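Each of the two complexes below includes subunit A, the first together with subunit B, the second together with subunit C.
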Partner chain A sequence: MTGLDRLDLRSKITGNIGAWIAVGVIALVVMAAAPAILTPFQMRVGMSIFFSAGLAVAWGLLGGYAGYYSFGHTAFLGIGAFTGALLSNYLHAVSPLVVFGLSILAAVAVCGVLAALIAYPVLRLRHSYFAIVMLGIAYVAAEVINNFDWFQGSIGIVVPQVVPRGMRPEMFFYYALLAAAAICVVVTALLVSGRVGYALMTIREDEDTAKMLGIATERYKILAFVVSAMLTSLVGVVYAFSIGFITTGAVFRTDFSLNMIVCSLIGGIGTIVGPVFGAIILTVLTQVVLADALSFRLATTGALIVIIVLLAPSGVLGLVRGAAARIRQ
Partner chain B sequence: MNGSILTVTGLSKSFRGLRVINGISFQLQPGTVTSIIGPNGAGKSTIFNLITGFLRLDAGDVVFEGSSLTALPTYKISRLGIARAFQISKPFPQMTVFDNVMAAALFGRAGERDPTKVATDAIERCGLLAVANATADTLTVGDQRRLELARALATRPRLLLADEPCAGLNATETKDVIAVINTLRSSGITVLLVEHDMKTVMSVSDRVLALEAGKLIAEGTPVDVASDPGVIQAYLGVPLERSYFEERPQ
Partner chain C sequence: MHVFLQTLLDGLMLGGLYALAASGFSLIFGVMGILNLAHGAFLVLGAYVGLQISQSLSIEPILTLPAVVVVLFAAGALFQRYLVQLTVDRGGLVASLLVTFGVSLIIHDLLAHFYGPGSRTIVSSYAYSRIEFGGLVIGLSRLVPLVVSIVLILALHFMLARSRLGREMRAASQQIVAARLCGINVRRVFALTFGIASAYAGVAGVLVGTVLPFSPNSETYWTISAFVVVVLGGAKSPAGTLLGGLLLGILNTMTAQFISPLFTSTVMFLVLVLMLLVRPQGILGHAAGATR
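Moving on to the complex of A and B:
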């Protein structure tokens, strides 16, 4: 074999990192500048996209990379939202931005600890058992918050206004949600682009074989679970501040859990751009194209799932890659 | 002998009251190839499962380079330097050949390494350069076997457990795999091999363990074991032709 053959050996996983960083930076700059020309409606669509994309990427760290499909990730969204809402009501003395920052930190920390506590037992379950148990956990968490008066889940809780004076709320939360989504993307990318990424993918592919390669699978699964929960709660707490008033029903929503999965499936599971694409496609379709046909949204989401699973099991990204490969040949 | 790299003593395992491994003891000397022969269901794969921590033993001890493996989880056993090529190839299907092997190179035996170099070497040694960027699920059976071996190799093992690495391969492919095993031995890796084809066993092994119904019925050089009356009775059926012994390269 020649020297050239050896040089050609390249990881499909870590091979294009430089290009992706460039794409990410450009996308971030464009989206940060966009409010200058966007209408209020388009701003709201943008916020929806950031919300969905952040959640889908966070879900995908565990579901897409490690292959552990959680059907109840809204649990972390809801717990994060309530932690932030409750804490911020005790903190009114300090400046709004400090309240916002501390609430976020608290929400992320609480979800991190809770996830770490349940990680070991729930991650011993595989496949559909894990998925269903997570669904159960989301219901249990919602019930607890709904039924203990201290949480004010059933009557609802007002989340203090944290927007700095002189700034339009939608402008503030556009950037807050953009930042939250960007953090989800960056943290996930940092984690999966090295050894951890390999470990998670081997767990998804064949957990027992992974162990035989010296991979401490339990540890990596727990890491992915905890970080995924923390990122989900980050998006959740920012969302809570953006809507200003939350009830159990507003943040523990099975359709949120479902959307994280659907975005990943549509875009391409086991990647980072996939869920982001998925969030864009799903949001634009349901909020722009079908904006006047509210009752069709859920049906459309359902139809999309069926179409994707049947026709493009590796998502839009898979279609693009397949087409690119065909063109190159 | 005391210089052994792996010492198995009184290994026993039952499944639902049925004794599948029955007090097996043997030692492996560093840098040798030892083959386990025996009919289907004799317990060969179970021995591998016990050594690698996939199954917990009922009684006995497995000591690798001075440390007992019996209470260790599989990943720690791998980090000590034991690799395994499974009887049924288990490549990570959606990952490329390179990334399959790279995963092993990034983990595996503890210690300093250059993962890319380790992975590239393993791929080259197992003749997989041409398909290095192909997704594992597109490989032929022969290439999947080679990948299984390359991945095990990339963990930089001191001991390789290869469970029927030639099963389902044609004569040429078998020769390739045996050549890889021979180069492993010459680079100092100890090999424990499960192999059915006696011709291959005779040509590649320094020692042979004959297993029947969970018991060791013979142990020794290939010539000794192949001419053991008990082995002939239980496994070979007919005495081996002399030519098998003479083909063995020295």
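Moving on to the complex of A and C:
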């Protein structure tokens, strides 16, 4: 598929915006009502799906739309988690929900500022170079948090309990992660459905031409990078509260960075529903179908990448669209 | 002053390993433009093959090198022929980044499954021998890798500069179509490039194993350090790789000695980021399209 075809497909989707809003609202209502009938295990799977989907959509804003594949987005997840955890430990006097809210705001703000600081230099690099430098940044962030005692990265840090009285923790975090994922989807959708989306896609297809056409490539890339980092940290800080105790190793995980990419790839890169489908498929596959083959989890993910890249480079969404097009003919 | 000299010397010897570990990565990148993220996995695979052979036959680790070369050469050539080439044909260079990353994960899990996730070392008979020279200490286990590295990198240099295969590699790296028109079997050249690069990774793996502990998890470290070496020295020339490797070695031992052993990787990455921003073509090499 050439770049132009893909742009065309994209505009068909965004053109049908009312239908997508309806689908989104229905999906949200179903998800919100689901805990009534789900078993605890199924709720855990649901939380995993929201977590992966939120991250994958956040990653996709930069990776899918602008074509800048970050291999180190877990940096923002981890920094967000640690900001939230550290701050919440200083705020014991106030009510738990306020602590939760303030920690989220602080984490998102800190990640936004950090991302804005590094955005200009790292976004000068292209393709593989950008990918590997992001991998390096995640590595450095993890090592700094691990080695300075003040962050308590190596010994771990207890995140205060913020669940309101009378509510089951998994219920609370089910909704918190659902909300975080929904925010990722809505913010990304709002951004890419307009001018910004076209600018980012033009950058992805040909950055030099985009620049020549008068698109302020630098500004759009930085915008996508910063927003993507903030959304990632949002999911990260909610995740930190949901697991209650974090160490460097628990949040700066290469497989998180990897999963963001894999979900996007499986579902269909450069779309919004794609990463969500990808998260559902990957989570169900690794946590339900292959739950017993834990030691081969990475290998499964690796094999999936190879298969998808070789057989279905535009993901499940691409396969569905291809099939639909064939039926119509 | 004495501490400084000793640190410098240790750095040079460690640097020889970094250079050899990166030379295959650099060769693939130079000839085919592919960043092979499975390179570190091939290196660790080589270390395990060497460990397995030297333990089951109870022979000196360095004598396992020919066997390791054969196994890794075959693995690398097949990997290129049946996976990487397909990927590049279908999805371009970014897709090859993903596929090689995926393969590195598969190798990682397989090694962890068969050998366990813990750290291993390869013990050589000369592990504790040392030469003292004017107050400076040179461990033989570190000197041998340095010498082997320099010899192999020189061999790679002459192969690229003088031999028929080297000329074909350089031609294919410049213009695939033109190389084909000149009667070069580019597919064969690419498979051989991957094979040779993986064999180098395997040898580096065995040598690394005699000096440092390794585990399936080490693969990321060696891939990234290879990348840093290539960025420092510039791709496309074995001389650049040697220079980059030695610099990285010195940087690492200096950081460990004068700042803190905890921050060697951090300093390595800061240098990487700075280099990419200031001089993306490396100290010696040419710009490889890293930035505008």
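One rule holds for everything that comes next: the second predicted complex is superposed on the first by the 317 of 329 C-alpha atoms of A that agree within 3 Å, B and C clash if a C-alpha of one lies under 4 Å from a C-alpha of the other, contacts with A are read in each partner's own complex, and residues count from 1 in each chain.
We take it that a contact is a pair of C-beta atoms (placed from the backbone, for glycine too) under 8 Å apart; a residue touches a chain by one contact, two chains touch by 3 or more.
Keep in mind that what you see is a predicted model, and the values were worked out from it rather than measured.
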item	value
When both partners are placed on the shared chain, which of subunit B and subunit C touches more of subunit A	C
Which of subunit B and subunit C A:T254 touches, first, second, both or neither	second
Touched partner set for A:I215, first subunit B, second subunit C, both or neither	first
Contacts of A:Q42 with subunit B and subunit C, given as first, second, both or neither	neither
Which superposed partner A:S95 touches (first subunit B, second subunit C, both, neither)	neither
Common interface positions of subunit A, toward subunit B and toward subunit C	208
List of subunit C residues in touch with subunit A within their complex	35, 83, 86-87, 90-91, 93-95, 97-99, 101-106, 108-110, 112-113, 220, 224, 227, 260, 262-263, 265-266, 269-270, 272-273, 276-277, 280, 289-292
Subunit B residues within the subunit A interface of the complex	52, 54, 73-76, 78-79, 83-84, 86, 90, 92-96, 98-99, 102-104, 106-110, 116, 119-120, 123-124, 129, 132-133, 151, 155
Parts of subunit A lying in touch with subunit C, wherever the complex brings them together	69, 71, 121-122, 124-129, 131-133, 135-137, 139-140, 143-144, 147, 208, 254, 258, 261, 265, 295-299, 301-306, 309-310, 313
Subunit A residues within the subunit B interface of the complex	1, 5-6, 8-13, 195, 198-199, 201-202, 205-206, 208-217, 270
